[in-house]
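Shared between the two complexes below is chain A, which pairs with chain B and chain C, respectively.
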Partner chain A sequence: MAFPHPRGIIPSEIAFLAEMEMVTVVPRQRLEGLELLGGPIEPLVPPRRASLPLWLALLLKRQRRANIIPPAWLHPDPLGLILEVESQHQDYKNAFSPPPPLPGQPSVQDRAALEPIARPQYTPDGDRYYPSPPFLAQNTAQASTSARDMPALPFHWVEVGNMLLDAASDDLVDPDQTRRLLKDLREVRMAKMRSGVDVLDAAATGGGGVALTGVGAMEVGEERGFVAGVVNGLRKIGASKEQARREAMAEQRANGGYDGTQDDEEEDYMEF
Partner chain B sequence: MSYYDVDSILTDAQKLPCTFELEVPGLGILEGNPGEDIKAGTRMDLPLWLGEMLSIGARLGTSRLVTLDMPDALSERVMNALKADPRTVDLRALAPHFYSLSERILEIFEEEEMVDVLSDTFKKRAAEIADHAHNPRGAVGDGVDFLRGLDETERQLFRSAHDRAKEMRIWSGEAKRK
Partner chain C sequence: MDIDDILASVDRGAGASSASTAIDHQLLTRFWVAERAVSEVLPWPTALMERMMDRVRWQIETIEDLAASSSDAPDPSSKSNNATLNLRLSILQTDLARTQFLIRSVLRTRLAKLSKHSMHYLVLLSSRSTNPSATQSQTQPSQSSMDTSTATNTRPEDSVPDISSVTDLSPLSEAEAQFLHTHQSLLASHYAGSFMGAFPMNLRRLDDNAGGTSMVQGPENREVVFVRCLGGEVPVIVAAAAAEEDAIDIGVTMRMGDVWVVRWEGVRDAWERGEVELL
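This part shows the complex of A and B:
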């Protein structure tokens, strides 16, 4: 029998990956430190905050052994602001709101004050490394660096937002409003994704590409089949043209006309 | 395009108008009168795979058996209609595997303009398909004529977009799994 799922990764699998994200909890009970495959967990002592993987935090939440502190972006105010940027701002008519800055990357506002937020971490062998997404804490309560920073949606925003709304809605500020804003954001961004079909032929020709900066994991997973299908279709239709273009280029190279300059200059050469 | 791809096989079976350049003894069976010869200049619809094979002499420069013509699905009339408004053309009525067919045809004929027209058509229709896939308006909505006119490639596109959106809704609890 054929594999029952379509190609690519299904929503529950993406959600599973998102459960590796670290969130902040306030434990209600003591728990000794655990040695997990993903790394050791600090001991939980009731009034003190701790960072746990989302799956463990949800488990403890369901057993009423901990409260989850929602990440800074999962709050009606920043979500409303992002929604406004996505739907009203001129610069983001056809683009997605920027992702959270990488460690060491200055935010848009304070390019001058370079203050790297990267804290080096150490492997079990003692080597130093700087974590990058998806191993970056983008969903802990401390993740918001400063109030001046523009709020940004992390890579797993759909999944984390949805799971927290499901399991820990009493820990969130105004869950109904948050839910509504998340839904609106998804609608706006999906509509952008779909209207972006026009730029896809850039991806179908050789050497082209399409920027997907700021697109979340779930959104990529959802649109993968469609976008890949469109690019593939365009590639097939344009195959003969692409073939002709390559032949022309190869011919020029064979004639010694190719000297490593840019493509426009090559085309000028063709007119001789 | 794999060997076992049913759509690829069906594309191969689509008819292409051909004209015989030579007289072929005993091939009258193609015309429906077995045992007879085929005269030079006979026009006939042959499947793509056969027409392509028989016309291969054209590329080698030797005398060829048949010359190929553009199929009706890719005629000037259709191209003009597509240029005017890609969304109103019923591609399925023209050819069930419209894009696969045109892809094969474009390998045989050099038609720069047709590539542009078809790419544009595909893009415009893809945007429309995505809209329909994400906002289903039921089987009696205003999009039903458009959706009925999708060719096989577009149907697969619609399917993948629609299934993904549905899975998403099921996962987020907005819809129930049936």
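This part shows the complex of A and C:
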């Protein structure tokens, strides 16, 4: 067996991804810049702040070579605010709170007025490339741009939050309260995920889908097996219905104008 | 830095600049997540993988050089220097191990898919072959081809399509195509030896499709996947009826930043354009 894991990345792989998020550190010792396979690392000169991938920041933190400045959202005040929105706000009764905007995407307040303008980068092969988490600076200390922006949970909030609480709790503001809020948030959101099972039928039809905007990576990982299984089952149950609908549509089209494809189909059928 | 280093950095060409290193790493990561998320084998990113393998080789050399320089520096006064050298070494090695994990996981995932659906991919590749005899059993599942196949192909090994003349190996890499053919040939001769040899002549083909049921199983493209929309607006498009190629059924429209649970076949084209990413 070349690879024993099921379809879709598993929680340990999601944590591996989350370790690629950039965080802000204050180094305690000098270190020259390094050319890593994940991109270059800037030279560390205390007490100047630097952005490092989380895995490297944790490695330095464990050896007491650096302190991690927690991301703006990992603080009791914004977490309390997000928890209030998730649990009380009328608009988010059945949805997750909005995620941080992608580059080029207007913030939540302006979304009605402004169109999103996707800003692609280009790959060495010349293709378009739109960066996304974990490669956006959503967990650096300067992450929130302006005060009027509502705090938002980044895609890897569960993993980053827990890893920082484990390894760098002395760098956090009120880690106990933070831990409690993270747990509450997780429970509120898990309940939403479960109550959403009713609408999964929509994803079982051809062009349909279920929106989960604002969901976290670990939450996707937890629900993937269940959701995929349920939708797969529903699709099989609904297969004959969908087939009938498609045939009806094909018939409508055939009535509009005859084309040769119908004929071939019939021929195939007769042979069996 | 001496002249050799400068020449070496020129030799590494466009892939050597640090911005493209970072983007390549992000592309590889995204490709890994995508490969893990769907049950078909995704098109092999040849250029990206070559660049990554070159960088891995180069990084291993750098690490070996550094390790060698640390061991043959017996100067006791450079103790603190040695400490940062060890730190740098451990950082470089961790980074290398993380990249190697990504590459290995991609390859193993693809191998698992290939061995699961080996006949499907062989038939897919051989259908592009210029040699028409290799494709006969698939292109016309009619009575006439059944007659010829019972006459000429009596061993399960004979039903393994020959892909040696195929030039377009997409979605596989060259090594994968070679593995695929060897694997399936071995499997077929094993089946022949263990039980298929006892079957009636006309039931010995591995791509048998008598009775309207094909024995070749492909990956399920109607499974749902989790995607994030990265482009401005992306509609979910599925073919409305199998008989009509151009007729399409446009489903929900995803907007930038949205996360959806949708059918893979509906967003596959958008994924190839890079407008959605799999989660």
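Simple rule for what comes next: the second predicted complex is superposed on the first by the 225 of 272 C-alpha atoms of A that agree within 3 Å, B and C clash if a C-alpha of one lies under 4 Å from a C-alpha of the other, contacts with A are read in each partner's own complex, and residues count from 1 in each chain.
Note that contacts are C-beta pairs under 8 Å (C-beta built on N, C-alpha and C of every residue); 3 or more make two chains touch, one makes a residue touch a chain.
Keep in mind the model is a prediction, meaning the values are calculated, not measured.
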| item | value |
| --- | --- |
| Touching partner for A:Glu222 - first (chain B), second (chain C), both, neither | first |
| Superposed model, chain A: greater residue contact from chain B or chain C | C |
| First, second, both or neither for A:Met190, with chain B first and chain C second | first |
| First (chain B), second (chain C), both or neither touched by A:Asp170 | neither |
| Contacts of A:Ile9 with chain B and chain C, given as first, second, both or neither | second |
| Partner chain(s) touched by A:Asp91 [first = chain B, second = chain C, both, neither] | neither |
| Set intersection of chain A contacts, chain C complex versus chain B complex | 200, 224 |
| Interfacial residue positions of chain A with respect to chain B in the complex | 6, 10-12, 15, 162, 166, 190, 194-195, 197-198, 200-201, 218, 221-226, 229-230, 233-234, 236-241, 244 |
| Touching residues (chain side chain C, partner chain A) in the complex | 14-15, 18, 20-27, 29-30, 33, 36-39, 47-48, 51-52, 55-56, 59, 62, 84, 87-88, 90-92, 94-96, 98-99, 101, 105, 108-109, 111-112, 115, 141-143, 211-212, 222-224, 226, 228, 230-232, 236-238, 240-241, 243-244, 247, 249-252, 254-263, 266, 273-275, 277, 279 |
| Chain C-touching residues of chain A, taken from the complex the two chains share | 1-3, 5, 7-9, 13, 16-17, 20, 29-32, 34-41, 55-56, 59, 63, 65, 99, 101-102, 104-105, 115-118, 120-121, 123-125, 127-132, 134-135, 200, 203-215, 217, 220, 224, 227-228, 231-232, 235, 246-247, 249-250, 253, 259, 261-262, 264-265, 271-272 |
| Residues on chain B engaged by chain A in the complex (per definition of touch) | 99-100, 102-103, 106-107, 110-112, 115, 118-119, 122-123, 126-127, 130-131, 133-134, 153, 156-157, 160-161, 163-165, 167-168, 170-173 |
